[in-house]
Each structure stands twice: as C-alpha cells, then as structure tokens.
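A, B, C and D label the chains in the order they appear, each numbered from 1.
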Amino acid sequence: MSQYRVLIDAPDKKGLVYNISSIFYHNDLNILSNQEFVDNEHGKFFMRSVVEGDIDQSELLKKLNNISSDTVNIKVIAPRKKDIVIMVTKESHALGDILMRYEAGELDINIVGVISNYNNLQNLVKKFNIRFYHVSHENLTREAHEAKILEILSQYQQLDYIVLAKYMRILTSNFIESYHNKIINIHHSFLPAFIGANPYKQAYERGVKIIGATAHFVNEVLDNGPIIAQDVKHIDHALTWMDMQRFGRDIEKVVLSRALSLAIEDKIFVNANKTVIL
Amino acid sequence: MSQYRVLIDAPDKKGLVYNISSIFYHNDLNILSNQEFVDNEHGKFFMRSVVEGDIDQSELLKKLNNISSDTVNIKVIAPRKKDIVIMVTKESHALGDILMRYEAGELDINIVGVISNYNNLQNLVKKFNIRFYHVSHENLTREAHEAKILEILSQYQQLDYIVLAKYMRILTSNFIESYHNKIINIHHSFLPAFIGANPYKQAYERGVKIIGATAHFVNEVLDNGPIIAQDVKHIDHALTWMDMQRFGRDIEKVVLSRALSLAIEDKIFVNANKTVIL
Amino acid sequence: MSQYRVLIDAPDKKGLVYNISSIFYHNDLNILSNQEFVDNEHGKFFMRSVVEGDIDQSELLKKLNNISSDTVNIKVIAPRKKDIVIMVTKESHALGDILMRYEAGELDINIVGVISNYNNLQNLVKKFNIRFYHVSHENLTREAHEAKILEILSQYQQLDYIVLAKYMRILTSNFIESYHNKIINIHHSFLPAFIGANPYKQAYERGVKIIGATAHFVNEVLDNGPIIAQDVKHIDHALTWMDMQRFGRDIEKVVLSRALSLAIEDKIFVNANKTVIL
Amino acid sequence: MSQYRVLIDAPDKKGLVYNISSIFYHNDLNILSNQEFVDNEHGKFFMRSVVEGDIDQSELLKKLNNISSDTVNIKVIAPRKKDIVIMVTKESHALGDILMRYEAGELDINIVGVISNYNNLQNLVKKFNIRFYHVSHENLTREAHEAKILEILSQYQQLDYIVLAKYMRILTSNFIESYHNKIINIHHSFLPAFIGANPYKQAYERGVKIIGATAHFVNEVLDNGPIIAQDVKHIDHALTWMDMQRFGRDIEKVVLSRALSLAIEDKIFVNANKTVIL
C-alpha cells in the first residue's frame, strides 16, 4: 500500500470534486484526509487529499490529469524527506530550533547545509554533523556574494526549500527567481507593520502593545511575499527594544518552524500573493 | 436557485465522497463550500457542504439517503432564522452581547423569549421588545421550577436552541434530555478546570496565570458536555477574584456568541462527547 | 477617610520615591497600590499610587508640589464618574458594548451624549435614555460639520473623554487640539499596519494570518496617536474580508472598552507618542 | 558602582516604602526599577528594586534589616550566574530549548549537569560540553533511585534551581523538601486541568479547543505547586492526541524557559501557594 498527497490547484468548475473522487473510488484508494477551499473571488479551487492504495504514483497522476483540459495544476507526492538549506547571519535561535527538531526526528527533512555570511554559528552547526558554509559578504558586491551562494546551492539538485532563519541580507530578484516559492523567511514583526530593518526598534518607537513575527515566502518586493504563519505576544511599556528582541525570538523561532513544518507536509498552496493552508 | 447546507454524519466507508459528489454533480448543484473530517479512531465521517441549485429540498434529501444502507445521518437544511430562548440569572453581559448582535442583525435568529429566575434583567430585555418570563425558583423544588420553565418552552414547537447566558442553576437530567444537544451553556472557566460554582474564586485560589471561558452543549454530567468554543486571557498576581470576574466577562460573552453563531450556521456536529466544527 | 489617585509624571531624579513616600507617611496615608516606571531612555519617572487617609485633596496636592522645583506634573484625583461623549457613524457594536457596560454599572461613567453623522443608531441610544445628537455632514465642509459638533461638546464643561466608537470621519487638527489626549479612537487593525480606510480589505488583500484592533489617543497624524491597547485573533485563508470585518468587531469592541476602562481609572500616562499604563 | 536586586517580602505595614526608599536615598543609591505588590487579602507586601550605588552588599542588607522588627524577609542579591541542574526523561525539546539559550548566552546560568533516568539524551547533552548523569530507575525503589540523584545533587552546594524539563517521574516529599521552591517543573496542560499522566490524551478525550502548558514550583501535592507561567494555543477537532503532543511541545518549551528566565532574574516571590512576579 502506498500513501500519496494529492494537491490540486485549478480554476473552479462544477464536477471537479466528483471527477477527482471518482478516480479515487474507482482505483480503490482510501481517503485518509481531504481538505478543499474555493476562492470565490478569483474562481480558484484548491484541494489536498491524502490517499492510500495500490496504484502507482505516475499512474495516479496521469489519471488525474485526464479530468480537465484546463490549466489544472495537479501533484501526486509520495511522502519523503525534504532537502533543505538553512541560511543565517549571526543569531542562533531560529536555526537552533530547527536543529533541535531535526535531531529529535520531528521534521521530515535532510538539512543538506547551513550557509552564513559570518562564521560564529559554525561550531553550533558542526555539533549536529551538518555541513557549514561560511560565505563572507565582505568586499563583495551583492551579486558576487550571491553567486558564491548560488554555486553552493547548485550542488543540491533536489533542493526543496531554502529557509532564511534570520538571514539579515536582502536577496536580489535574480536569486529569488531561481527559487520561486521555495524560500521561506522569518521576519521579526507582524507584517505588513515594520517592514525592513530593525523592526523591534520601530515597534518600540511606535509604542505598540504587541510584538510579533511573520513567516512568508520571499518574492521580489521586500517583506511582501505570501504569508504562511504569524503570531504575536502582548507586551507593555516597560520593555526596552532589546527586551522586545529577546521576547520576540521565541515567537520567531516557533513561527518559522511552524511554517517549515507546513511546507514539508505539502500543506501550503500559493494563491496570487497569499497562501492557502490545507 | 436554492441554497442548502448538507450535513452528513456517517460511519466512514470508501466511496462516500464519490457518491455524495456524484449526486451533487448529476443534479447540477454548485458546491459553494465543502468541509470534511474523518475521525479515524472511531471510524466516523463528517461532511458539511453548502450547495446551490434548482433541486427541491426533500428531493435532494431522498437522493442522498439512497447512497447507503448504513446508519447514515443526513440533513439538508435551507438557511432560515433559528428560534432561540435565552435563560439568564442576574448578570447582563452575555445576554447583552446577544441582544446587541440581534439588534444589529448580525445573528440569523429570532429570540422568542428570555427566561430568568430573577427579574432584574426585565427592563433590559424589554428595551429590545423581547418577551421576558420571570420564573422565580423561590419556595419551589428544582423539578417544580423546571416544570414551569418547560411549560413556557413547550409553546415554541420549533425551538432550535436554548442558550444559557449565565443561568446559574443546575438543570435536571429530565430537562436536559428534553433538549438533547440543543442547550448551549457558557461556563466561566477553561474546562475541565474549575467545574462547578465560583470558578473565578477557584482560579484565584489556585493562582493561575490565565483565565478563560468555555461554551458547551449541556449533558447529564455537570460542565462535562461537548465543548464548542474556548478562549483564555493572560492575567497576573495583581488581580483579585473580582477583577478576574470582570475581565472574564469579556471572554465569556465573546465565546458564547461565537458558539451560538456556529450553531445557527449548522457548523457543529456532535461526535461522542466532542464537537466537530466544519 | 478619603481615597486619592496620585499621578506623577516627572523628570527622573534621585529621591523622588523617597520624597513622595515621605509625604504619604508623614500624613498618615495608607498606600493601597503603587506602580512606578522609569523610562531610562528619556529620563522620565511615572508613578500612580492609590492612597487612603484623612488629608484634604488640595492640601495633599500642595505638599506634593513642594517636593521639586522641576517641571513635575502631579495630579491628585478623587475617584468620580467621568463624563464622556461617544461619537459614532453607523456601526453599533462598539457603542453597544459601552452601553451594555454602562447599563450594568460596570464603568464609572456618565454618558452625556452620543453624536452621530447618521441617525440609524438613534433608536438604540434612546433605549438607554441617553441624549442622541444627529449631526449630518451632508452638504457641509469638514470645518462646518465639526463646528456643529464642537458647539454640542462645549455644553459639557467637564468632559473627560470623547470616545470614537467607529466614527468613520477624519477629524481636523483644530478639533483634535481642543481635546488633547482626551479623544480615544478604535482603529480596526493592528496598527501601524493598515492605516486609513478599509483595513480589513487591506488585510484580506495582504493575506495576513491575524486580524486585530488598536485603541489609541487621537493626534494630528492619522492613526498615529499613542496606543493604549491592542489585540489580535488568528484567521485563515477561508475568510472573506466581510468575515474578517465580522470577526474583527469582537476584537474592536473589547479593545475599545478596555482602553476606556483604563482611562477612567486614570491609569494611562502619555509619554511622548506612547502610553505608560500603571 | 555595584548593582543589587533588593527583594522584600513582609507583612504589609504603613511606612514600609518610606523606610526602604529612605535607606536607598540616604545611601545614595539610584533606583533603576521598582515594583511593588500588596496582597490585601493576606496583608502581605512584596517589593523588588534594582538599585545601583557604592554601598557594600552586606552593609545594605544590614541597614534594610533594621527597618522592622517584624518577620520581614529581605534579600540583597548581586546578579551572578545561577547554578542549575536539569532533569529529563526521554524528550529533548524542553532540554534542547534551554541548551540553545545557554549556548547563545541568553540565560545567566551555569548548567552544572543534566540527570536522566534514560541515556538517549546523552549525545545531545555532550555536544554542549555539559556533564550528563544517567541514573536508571530500573530495579530500584523510588527512594533508592532518588538517593542516587540526591547524591549527585549534593556535590553542588550552591545549586539555585533544579529544572524538570519533562522529567516524567513523580518525586517523593523527601526530595521536594530538600529543594523547597527550587524545583521548577513543566506540566503539559493548563493546570489545574489534566493533572497526572498523559494530559494530551486526557485533553483529546475531553475534546478541548485549547491545549496548554504550565511551569510551576514543585510541592508535595502532584501538579499543585505555585504556578509561574502558563500559555495555551487554540486547536480544533482534527488533531489526534499525537498532534496535540507535537504542537504542545512548542508551548511547553517556551513556557518553561520563560519561568526559568524569571527565576534567574529573581523576579518570583512565592505567596502561599501562588507566585507574585515583579
């Protein structure tokens, strides 16, 4: 018996559920879970089913692809460990949280490498027997620095996700386009508030009563990609912005790991500039 | 074009989704939204679909009932205002919140009456042109008191829900059985903590750092029915139990109105002693 | 025995607590509660004490004023009902929440009037025997419209707060300056995100996973005044912006009432563009 | 210049604040922060001041001790790294979270050792160059097993806190009394709900809509000690109890680390069976 995640992203149309469930039924597939969402505004249909049965993966995909001549996007995924690269700068909390979950076997991932523009996290990464690449940005143009990183990444053909676990440099459009909807960033504010540098300082100066974090796919506009997960925490006037930073780290790491977990379970659909989580 | 809510609660079985969606498809029904849940532990399947089309309500029900010889529980509901009775004791906040939503047309309900064992809320209820029944419990046995209430309720044949908006008396099994899974109570704690009387005082004495509220269907065991909605709020040592009570009211009223809103949209399934919200 | 709230807002300086507590001690005042905050960044000291004793209000103020030649801002307040005016447009939830608390005696206020640029809330307000002023803005310049409102407000000499309970018009600087730090607004987003019109629509389009509300004092820059209280709620992709608006109302009303409650208990200090809540 | 944390826990009495601030003032101490709380129900006064000045620690303590003949509990603490021992069973998340913060220098602690009744976390602990003690409970009475642990602990004379980071065995009264108000436990439910074993399974069976965690000092009654911190997360019917366990880990680790952080900053006072956090 094989288990598959069937992901469908299509123009909404009468009969879709019927046609899909018909294929499941006539191929003797058991539906373990099934979520659907119709975006009525844009006429879009999203579906994630977990099915179990004897059919071959490519066979199932072929049958599903026959149901419509439309531009339907269908994936049949056999669960497997996802290959990820983590990019960091100097802070260890978001990286550390992923490393600990990895060590505990909680996340279905292979961390194929950690890339940083500093080397202070090298010792931490080495403890977990993971390859660490120190790619300093000093004396390099942004493009030259990214070229070095892209070269490292190019070794990993099947890379599923790049996780920016507090990577504090802005990526070029070229880089982002190479990994479209595969780069997950954690931003240390409840977006769209406090875009850009020093969000806790911005938050402190604005005098907000909550702080937060946002995990999102990276697109060409800074801190503007599809949001995957967000959370906040109440604060009061007594916190300095250093305190905010400290408390904020707990939100950041949990939100980023949550987003990564959704990604590796193939639960995230990108719908224009938003996500649908099924 | 008519719109229906189709609710299915059945033993899980291969082909259910296929058979149901087949009926929708072949009767030219458009699926506006569709949620499913499989309780693998108990082999149960739950589904709530909102469909739109030209078919007659009883016709659709008949066709759906043909799909299985099993003990399948299928409902086809045409959206309509639900008839509710609210029962209260002395506090106005939960009642007031429902009255305000009612006045604003936010809830699809008719409040056919408010019953209280005191009369201090009579003036408030009258402002909204709703019938108020004062049924004092003084000098009456529990049974005799309830008999009077049941007599009032018996006038309303189509009563959908009885909302206990801080009704501070314990109902007998007899009363509860008469309105099985139709009585929604708000309990002023995060159940199962602080069952019974004075939960804020219990919370104060235990020194908890959160307070909360729970909306649930009432069953024979005190504060033990299927939970519909819960929420909490952080507190600190500085609160007296009177402060807790005061802050708690905001949670209570929002949680109760949320549960009522789910009920009137036919989104709640009872699954053994739990709820499935679709 | 009289009870006073002593509020001190001063440049931070060694000996302040000593000098103040010395006055309390030597005048036989009992300290019921005492909160302090030092803003080290701006060298500011804030203190709120609730004291009880036999001294006269003006006498206590005089003694406290003697402790420093600095620009110390000291208030001695005897608790009393605050006079408030509520301004609304068409939505009833935030107004209704205050009315219900008022009716229940939960808030220590007199609602001296409700002003609206529409008349659809007149019936609701009348139920509570509160004066309703309909001041249509039609065919009037902003200034002319505000002049009419200011004339109404001018009747109430001791007005403590103006509560904008979803008043959907932008006030002029002239209006705002007349009631400096006395106008409390509820904005239907977690500021500083989604400033201006239609925040839920903005939120929907951005695809956020939380929605929120912010109560703040109104200053000359739109949605930029000192924040008093904020809260948020998790949402998912399935909500339309109308749903967001509906769920958001529960946050708005609770956050606004919370801010009003802090204001009438004299717990809010304005510190530059922020609040200190003691 | 030295910095001290002054902690006072005393019967409430007129003049306390005056007398204490008088000592601060006349010894030329600068007050960096000051929090007070009066428990009016029990007539108790709590105060935590951070002061800075030239005075000697024992000198300051002596002067403060002179202010009252009552049973006043006064501590003058010079900030230093606290010595802690962590006890675990098999799960790594709560331990790992503390290890990562320790590695990042975020917590002002020395982890002098980790004790476990299993050895599967040995490799993880060793990565961080921390001593790991494997003390199997197999074939030992509870008393005999604890005797071995107590022997290890006895090496560390200045032990400040024992952190039970998912240590899944019940401690005897003898053990608990040896470290009165020094043992911090994380319980994986929002206490007082779901005391004892398998709280997530209990939560699943009760059908709650929130899960949570509680950090508390351990006393003689199971899961009944003074609560330091709690948090919860909303869940729905779709979670199995294994899912709850997985999501719950994020709450557990953050709540435990939060409690530990409060403890090492000397912010927790125990007031009967509750905590006051200043």
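The working rule: contacts are C-beta pairs under 8 Å (C-beta built on N, C-alpha and C of every residue); 3 or more make two chains touch, one makes a residue touch a chain.
Keep in mind that this is a model prediction, so the values were computed, not measured.
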Length of the shortest touching-chain route, chain B through to chain C: 1
B-D against A-B, pair bridged by the larger set of C-beta contacts: B-D
Centre distance in Å when chain A and chain B are each reduced to the mean of their C-alpha atoms: 37
Cα-centroid distance, chain B relative to chain D, in whole angstrom: 41
Overlap residues in chain A, where contacts from two or more other chains coincide: 40, 234
Chain A to chain C touching residues, read off their complex: 37, 39-41, 190-194, 206-210, 212, 226-232, 234, 236-238, 240, 271, 273-277
Residue ranges of chain D touching chain C (in the complex, touch as defined): 14-15, 17-18, 21-22, 24-25, 28, 30-36, 38, 40, 234
Residues of chain D touching chain A in the complex: 91-93, 96-97, 99-101, 103-104, 106, 124, 127-128, 246, 249-250, 254, 257-258
